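Note that the chains take the letters A, B, C and D in the order they are written out, and that residue 1 is the start of every chain.
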Amino acid sequence: MIGRWLAGNRGFAVAIALFAVLFVTYNLMHTRGFSTAVLVQNANESVAIGFVAMAQTVPVLMGGLDLSVGAVMTLSACIASVMVNGTMGEIVFGAFVTLLAGTSFGFMNGLLVVYGRIQAIIATLATGAIAIGLALLIRPEPGGDVDGDLGWALTNTVWDFADTYGLAQGGEAAWLQPFINIPVPLILQFGIACLVWLPIKRTVTGMTIYAIGSAEGAAFVSGLPINRAKILAYTLSGFFASCGGLYLAIQTSSGNADMVQAGAYTLNSIAAVVLGGTALLGGSGGVIASLVGALILRVISFYFRILDIDPLLQPLIEGLVLLAAVSFGAGRTFSIRNRLELFR
Amino acid sequence: PTIVAGPGADPTCFAPWSPDIKYMQWPAKTGPFKIALVNGFVGNTWRIQMVKTAKAYAEDPAIKDKIAEFKVVSTGTDAPAQLGAIEDFINQGYDAIVTIAVSPDGFDRVIKLADKNDVVLVPFDNVLDTDAVMQVNEDQLAMGRTWAEFVLKELAAAGKTSGKLLEVRGLAGNSVDRDRSLGIHEVLDASGGAWEVVQVVGNWDDGTAQKVTADAIAVNGQFDGIMAQGGTTGVVQALMDAGHPMVPIAGESENGFRKLVAAHSADGLKGISIGQSPGLVAIAMKAAISALEGNPMPQLISVPLPIADYNQLQDGANYWSDLPDNFFTVNEFPPCGVNVSGPAIMAQSEANTN
Amino acid sequence: MAAPIIALTGVSKSFAGIRALEGVDFAAFAGSTHAILGENGAGKSTLIKIIAGVLQPETGEMRLNGAPGRFAGPNAAADAGIICMFQELSLIPDLTVAQNISLSRPPRRFGLIDRRAQILRAEEVLARVRCEDVDPRTLVRDLSLSRRQMVEIAKALGRDPRVLILDEATSALTARDVQTVYDLLSRLKADGVSSLFISHRMHEVEELCDRLSVFRNGRHIETFAKGARSDAEIVRLMIGRDVTAKYPPKPAPVARPAVLQVGGLSWETALNGVSLTLGRGEILGIGGLDGQGQKELLLALFGVLRGVRATVAVNGKPGLPAAPVLAKARSLALVPEDRKTEGLMLSLSIAENMVAAAFDKVARGGIIDRTRVAALIDKGVEVLQIKAGSVDDAVSTLSGGNQQKVVLAKWLMTDPQIIMLNDPTRGIDIGTKQEIFRIMRQLAEEGRSILFYSSDYAELIGCADRVIVLYDGRVVRELTGMAITEEALVAASLNTGDAA
Amino acid sequence: MSRLGTLSAADRPLVIAFGFILVILAVGTVYTLSTTGTMPLLTPKYLLLQLQTGSFLGICAAGLMAVILIGHIDLSIPWTLTAAAMIGTAVGGPGAVPAALAVGLCVGLINGLGVAVLRIPSMIFTLGLDTVLRGLMVAQTGGYAPQDAATPLMLTLAKSSILGFPAALFVWAAVSVAVAFLLSRTTFGRALYAIGTRERAAYLSGMRTTRVIIGAFVLSGLCAALAGALLAGYSAKAYQGMGNAFLLPAIAAVVLGGTNVLGGRGRYAGTLIGVVLIVLLNSVLSIMQMPEALRQIIYGSVIIGMLLIYGRGDRVTS
């Protein structure tokens, strides 16, 4: 059973192992390792990139690519920075509008790819520019006033959440005690990942996403809903990216239409997907795996804070580690005995 | 920190931004202190020079004994990473964190955590839109005003009270870009002259600035004066390439710009150079230590604008004709005892090898 | 006779200016097994794709059980009980066998796919096609081609067809599986399911079908009941002319100098010490059940496999080529298994494909000599009689047989001494097959040597001067001249009794 | 045209892109007419200036096209360009341009090895190498003050003018002729198309696929490096981040020129026109003082709009 899973999810298994080693070592070296404070901090830092990595994964599974994920995240954050404040009702409405906007943007990407018949890479490169433009229109300068309580509640532990909103007797309820030290961002991230992705994976449309990545022609003649799946993939991508944007806005209580940051997020999302073991050609891999990939990416940079490394050598080391990490699986290339298998 | 009455410690160095600025005081601690510098991205000379200045200043005899540990990380333009690094240093028990914020907003959480743990957080250069932390900066609005005043003065001297001006702006959406531009336009509007201003976006980058300036000249013909927020060397390059007559120009403190002004001021390239100094980091560090020692500190510390116009340029003193163009010339702030010359430390090893 | 279950009238379809079907009238009846015959490119696959809702006809109308109708997509056809097994398989390599079997209509629970039920269902239909050895949880990617075809058949069965369409569904099957399919089809027929059956193997058609329709050049030529026409007549209908001898005559056995000597060739688990000698001007057949290492043998000799252990001499020069480019330099050529992904670059032009292997021959210092290229292409088209509008058209516009000729032409341009053919006639019609056999013999007479793997015993018997039979990665039998008989081949393939 | 030359008979993108260039110029001219009453955009001076600054992008795009044709991408262009310029000027003297090209060669080799031998997706390997190069340049600048002044040769190549035309234009033209020849008339060029169409078939046809892939990346690295040397000449110096503005426009130019992003199809003439289109579009938007927000939106819409027009053609013929 486990053997079969490992065989089918080799990349994912390697990613989990790599992450575990890196994360445990980091905590061992940290003066306050294995504490809630450190875990909360680590979790907060990883949410946005985690969501963007998830966003990237869905099109990649289909053999596509979404170069607009960073920009859609930025656009969503800017919308949230305007909308997410006021009464509880207004906050919820604002969050809903934010997610709806990002999701619609993804839907539009899907329409362009399916009915516009434009290669995904270039279509999303272009819509990414449009998203940044819109973000700049909404937020010409960084700022905004996202509800501060919400920011505090969502970027801390379950106890802080309960405490902030006076739930479960201010976090003191007995039933809550086993959970009080769990960081809310972790719950949000994995919760949304599992609640949204796992069921979708078990629908025909969701499975079609994999089928398209594997053999599009065969998927079509088998009567799978190709168009619907493609549109769904980009829509989900937009949804996950806007989750990232919404969280980013809440975390920073502001929005910032930063083009450079958007570009960096997009590129990092691809790196995270690869580190998670999803094939860029599509067909195999998964959203949760990319989440782990994103965590690896993050954990690498944690080390600069606890090790004494010349600050001007840090970018170089970061680059080398990234190269090394993505080359990790390359050893397999040399163990392939039939060279035709190299050309998938 | 608690809000206290002024005046603060060492007011010649830690000058309050304005008379009505409030003062902050932290409980005094005994050193030596653990200090971290959380930088944003590093892919340009200014930041590299800033990091080197910080490292050099941490070794300065004046403060060396007060620092137990000094760590520098660069997080890129990624806001969560920067916030995470700051929080991590708070968790690790650092006493002070100086930082160049990637965004003027969004630091509420780390400010709150820093306060809870009595950690002194000092944003500088790109400061925050908040008065809850102690910050160090030059007055960008004043910089813009001084630029415009200079250009108007030079034009007036040449008998011009109206004309066409070129404004080369910085990164769109950045507050520094906004403030500098506001300062410029404030003065232009107040002057009452009929100024037509052509704005182009140079991104504070020599290449972009050069390209957009060349385009602007090709399309608009001649300008009477130029105000460039950055990439000024590129702007002058474009001017010379296009055979544009030399006109009054206000710009940043790049060594290359100063070289060009020094060489061509007689031909009409009457320039003023005001810099955002990488040496700000040293003042931020010094301010952090002062705060940790329990001194009252102004919430917003104004570092005087390092101004040099074409009459004041002096080779080897405020520009270096034998050094590359990319360095930012102003680094020292004598009133603060900050005497680490940026170009000097940057040039160090090359001087050794030559 | 009852109303036809499917009836097409005046159906036409063209691709980028190529007429694939023209004014076709066609009808199929309930409970019958109906064969569709025709040369490569006759339009058979196009016809069934229209029936299955994959393609939309340009003109004409379709009636289902007498009512006019047309399917918007493959699913609509499936809903009407029309299930199709396509020539290019429709399995998803990265999904499991179970997922593939219930691909578009999986069992659900609470609206979500029920994995357990999926596996049970897969096990059940796999049992129906006697493929209990296939684990429903393996990825299709990891199955051999013949297993995949069986899974494809299982997938079709699992969808409860009322009309089952098989487009060359048996081309890669082993003899045992073919028998299983025969049994299945007759059982389905008894249950009132009608089948449309496309195959280039006449004996299959004769064994299975009760009605036959012949197509040629996109036109429906004739439909008749089994037995109404002789084989020769059918072939004449198909290719529009008389066919004489099926295989060119073999020369008398002579002693031949060896051009290729292989000793103890081993690779992974697939090859366990193959030894063979190929003589100059000889056609050496490779036989055996599918998957006994024949493909790997050819790939190994062509330098594709890593970690091969063997003593090899090509033209007396020792050493195994380490890459195809080096094999080519030593006058080897390989016509690979899958022409669509290995033999051709489908979206490039015919011309571009024809010179793909011979570029270095027509270039000096890396710069291509265009006049020599043009001459080479003209020669290739002429020698192989490739039927193409223009050599600048994409090779994908050619029918399967002509595509295979382009692959052959590509290699002939390198002037090879040793030509390895991996099942070159798979899915190719009789007329084209004959041409390929003729070309093979002609090449051998020119002094070239041919190593020829075929999954069809008849071809080995008809063509090869000598046959080696592989079993479990070893040569178990060598047959020469008159000893090459079906019985001997079958016995050797199963490695029974008197193995050599 | 020979039979091989008509590989991609898709002249449509070329014609459409060319038409759009005229539209851009017309819009820009209407703008300047309405604001200043002049038509500077139609003067040779302006157009030559655009071509001069466009030549850096054009040279990058020429190399990138080879990589895109094999179905890969080179994301390391920005810092290859920068590193070449910075190392070139640091070496200085007559060795400057060769040193810059050597940087490009090395980067191309490493990229090629990573993609062709280690089989790491180019999307990620070249991105990693870009990061490494940035790190190296930060370390180099931080280590000491490298000389950054352009050498006379760089200045001449980038800025001087020959017969009234900028020298950079001649360099671009030379690169263009070389790349166009390489693509259409050499075994290397034809192998690029074959690999981009189906690498497996190309390999089994006995093509040296590994070497060709490495060659494509080397070509891209060399072109980026040459562009870096020229750009250093144009700016009279090399500086951190000078290549940042080139990657996305180069990709856009190649694609707007009709090259298939997935490889196998495309003509060099298209890339040439794509570069001119992108350069003029940027310039006119800048002249119109378009705020960054609208500029991005227009930029994206133009790419999508044009590809939609190209695509509609497909639908009609099929």
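A few points about this structure:
Criterion: a residue touches a chain if its C-beta (ideal position, glycine included) is under 8 Å from a C-beta of that chain, and two chains touch if they have at least 3 such contacts.
Small disclaimer: the values here were computed from a predicted structure and weren't measured.
Taking B-D and A-C together, the chain pair joined by more C-beta contacts is B-D.
Note: centroid distance subunit B to subunit D, computed from Cα atoms, is 34 Å. The geometric centre of subunit C is 44 Å away from that of subunit D, both derived from CA atoms.
In terms of their C-alpha centroids, the spacing between subunit A and subunit D amounts to 31 Å. Residue positions of subunit D touching 2 or more other chains, listed in rising order: 134, 138, 141-143, 200, 203-204, 291-293.
Of all residues in subunit C, those that touch two or more other chains are 304, 342. Within subunit A, the positions touching two or more other chains are listed as 136, 140, 257, 312, 314-315, 339-340. Annotation, chain-chain contacts: A-B, A-C, A-D, B-D, C-D (touch as defined at the top). Note for the complex: subunit B touches subunit D at residues 42-45, 48, 51-52, 172-173, 198-201, 205-208, 210-212, 214-216, 218-221, 233-234, 237, 241, 256, 323-327, 343, 346-350, 353.
Against subunit B, in their complex, subunit A makes its touches with residues 30-32, 35, 37-38, 41-42, 44-49, 136, 139-144, 148, 151-152, 155, 248, 251-254, 256-258, 260-261, 264-265, 298, 301-302, 304-306, 308, 311-312, 314-315.
Those residues of subunit C whose C-beta lies close enough to touch subunit D in the complex are 15-16, 302, 304, 324-325, 327-329, 334, 336, 341-349, 351-352, 355-357, 359-360, 363, 366-368, 370, 373-374, 377, 391-392, 410, 414.
Residues 2-4, 6-7, 9, 185-188, 190-191, 193-194, 197-198, 200-208, 264-265, 317-318 of subunit D touch subunit C in their complex. Against subunit B, in their complex, subunit D makes its touches with residues 32, 36, 38, 40-41, 43, 45-46, 49-50, 53, 134, 137-138, 141-149, 159, 231, 234-237, 239-242, 244-245, 283, 286-287, 289, 291-293.
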